[in-house]
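Some structures are shown below for you to check.
One chain, subunit A, appears in both complexes that follow, with subunit B as partner in the first and subunit C in the second.
Here is the complex of A and B:
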């Protein structure tokens, strides 16, 4: 059998998508109303992520307190069964620490944190299944959970990945594509073209950065719309019930 | 970077002067400090990047390879932030992990070092190359200086020559018995970091269409304490981006980011040239000193 064809001459990818199509993006908010202040569940293709937010609350330790703004802490746990090969991952693995700081720093600036001085916001992310776009999925789940918790934010942070196959930029990669392509993950703020998050880990020609970024930003805006739809429909549902 | 030991006055002073396009040390906003490289013994490099001083030493040993990669050598990059460099580093910080991640991404993950060439006997013996970084003094921009220093050290390092006999025993020669071998470095990644400052408030940054954010190359320690966000770009002289990292902080317009990457490429070419000339000069000196020509004629390989 020849090597897996990631992008056919007809313009179809391994899972039948075109170059600029997102995977199925489904999200729910307020999935765990009793155990947390805000919660969400995000499915991006076959990646499945739960996020729960506790807070703003009194910090447990004095060191977690900031007199001027809220202190945000993210904890990530990735299920051992989330990938094809069952593998134990420790929380202190360098890659996980990096993802954690990325998400913490992103939300420190998009939450209006000066409204919550001397408080502590805990974001717990649980990854159930991974099929590409790990960072993107986690950040999207965190955005939704923070909205559900009623924490004031400037705007949505919507994340998506985009890669480069040969000459062609492709949107929202799955694991098969991620393994064979250079790709970047971005986090866009609202409808703007400003990036809070940008991560590229493998080689990409410098001239190709612009088209890939452009595609990713368009994808990010689409993700924002999908998240917004869910938030609004949930809000409507809530207001009718009361 | 929890304890922000810079006064409000000083913070305001730095931002006000940046708004007018000046920096405390008189550099332009997009100007980097010129690195000073002193090459010592095999794989030993002293790097001064402004007041930031880093000492790098590369060494090698023979180990057993990992079972899933039986014919690949190993590259270990080891950096520790000791309190000697700055009081900021008194405990094991996230910074340390982040610096290590970025060096690994730019050098190891980008295959800058040909690991398959380090194999001695498949599945049994490979070379382990260890790069140890010690930070002597800290004045900002550890990421750039550590990456720069590591790659010079790898280029400067020479592996001792060895031979395998029929029983599979390895004989490692002394440096004066047989000329040592250079590592095969496939490309030279140059890492540069750019700091962003927000001269206005958050609303202006997030909601308006204007881009007032100031981007500054090669920040000093004081500038690093004040900055709102940063971007790390690794690029090589083949016009390939190796990694980009912007972990949160204030959002920056994408067009600006692309322009900054182009600017980094210009610097990468300059710095690559600097590395090449420095290493070449050192090699010529060494050659004269040891008079290796005599030994070379003995070498039958």
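Here is the complex of A and C:
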């Protein structure tokens, strides 16, 4: 079988996108008004992620309390049916723990946590379907859920992945592309070019890093716009209702 | 939320009356209002999300796999994941056991048969996103919706492969896929569980978290094929309460529970069927 042509000479990718195009990005906030303080649902391509935030609340244990700032904990559960072939995953799998710490570190620095001393913020992420961009989708869902919960943040953290195929940078990879090329995931802070999250798990030539990062930042800005649109339209909807 | 002694007494007194006065003005045989969507996971054969008004929510996916019938002891595998509970906790294990025994006892397995050698195996994965009262009823209702909308690809190769070594092949067209009801050729209605609370001489369908705290006993009754079925068992639902008034169960309670389930469960099933018919099928979860 010939290898899949990930980027054709005409400049088209497996799913028909150009190099700098995002997949379909849809998001909703306040999806679980009765069971959480903040909630969101994100679809990035075929990936579907639900996030629920509880807090800021009184910590259950003394050890979870910090007198100077809020304590943030992320829990990730990936459904057994999220991939094409059903596979059982344990919560303590190394890869999941790594993603969890990455998200925790990101939001510990993006939430203005000194405003919430002695409190506990629990972020629950549930992945229903995954098709690439797992970390990006989870972090976007967490950003939206935190906004919905009314927790003060410095700015949006909008995440997207970008990879390098031969010498072409490609934006927002799906599973097929992720399996075959080196890629990084970034989280951009608001409209700036500062990064709150950068994850690169394999090798990328140093001279190619800049164009890939540049493309990812531009993609992150677009994701921020799409999330902002949803937050504003939801806000408008809520204010009209009252 | 734990009730104070005064609140508990007030609730208890209003529930032991005949007829009972429930805090949300429900009748004894009414379930709480629910909303649901189906068929939103493109990589699963069937999926459903069900949410109660109190925020309890469950997502179920049904996935299928072709297996050799002789090598597989059971063609249904149920898995339950409750947020906030360990997979090996008693709570999760009991839910899983109840659901597996319900489905293994009451399921038209001939619908899964492909050829004389091969069958479909169904993997039913349930995720409870948040729960307040005992989640067995909402999980089983979500499984009902997911199984009802499950579509399995159509077999295009020979059905009889006793003498020829042949791998089953399937139609490429998803429009040809059949639901389990179409495969059995009858009106397929998966089994469901109904939780009943026992208090005084009355039985309450689908008790809420507050009601659970003052209940004297609980019953789980299964419903399939138009009537109450086994498994049928009693359970202490007042787990969240620190001071429960758990009492024994009278045999008359069981008899009246069965007659109530026979009388009213048909309507619940009908409501779930209407829900499937009204679903737009636009593949949206929310």
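The definition used in the following text is that the second predicted complex is superposed on the first by the 241 of 242 C-alpha atoms of A that agree within 3 Å, B and C clash if a C-alpha of one lies under 4 Å from a C-alpha of the other, contacts with A are read in each partner's own complex, and residues count from 1 in each chain.
Methods note: a contact is a pair of C-beta atoms (placed from the backbone, for glycine too) under 8 Å apart; a residue touches a chain by one contact, two chains touch by 3 or more.
Keep in mind that this is a model prediction, so the values were computed, not measured.
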(message) Touch test for A:184: subunit B only (first), subunit C only (second), both, or neither?
(response) first
(message) Let me test your reading of the model: by the given contact rule, A:57 touches which partner, first (subunit B), second (subunit C), both or neither?
(response) neither
(message) Looking only at subunit A, is it subunit B or subunit C that touches more of its residues?
(response) B
(request) Look at A:35 in the shared chain and tell me whether it touches subunit B only, subunit C only, both, or neither; answer first, second, both or neither. (result) second
(message) Once chain A of both complexes is superposed, is A:154 in touch with subunit B (first), subunit C (second), both, or neither?
(response) first
(request) Answer with first, second, both or neither: which of subunit B and subunit C does A:103 touch in the superposed model? (result) first
(message) Quick one: is A:206 in contact with subunit B, with subunit C, with both, or with neither? Answer first, second, both or neither.
(response) first
(request) Based on the superposed arrangement, let me know which partner A:4 touches: subunit B (first), subunit C (second), both, or neither? (result) neither
(message) In the overlaid three-chain picture, which partner chain does A:83 touch, first (subunit B) or second (subunit C), both, or neither?
(response) second
(message) Looking at the complex, which residues from subunit B come into contact with subunit A?
(response) 94, 97-98, 100-101, 104-105, 109-110, 202-203, 205-207, 209, 228-229, 231, 235, 239-255, 257-258, 261-262, 265
(message) Under the definition above, what is the set of subunit C residues touching subunit A in their complex?
(response) 40-44, 53-57, 59, 61, 63, 65, 79, 81, 83, 87, 123, 125, 127, 129-130, 285-286
(request) Report the residues of subunit A in contact with subunit C in the complex, numbered from low to high. (result) 28, 31-36, 41, 46, 48, 50, 52, 77, 79-84, 86, 88, 90, 124, 126, 128-129
(request) Would you tell me which residues of subunit A are touching subunit B in their complex? (result) 94-95, 97-98, 101-110, 112, 154-155, 184, 187, 189-190, 192-207, 209-210, 213-214, 217
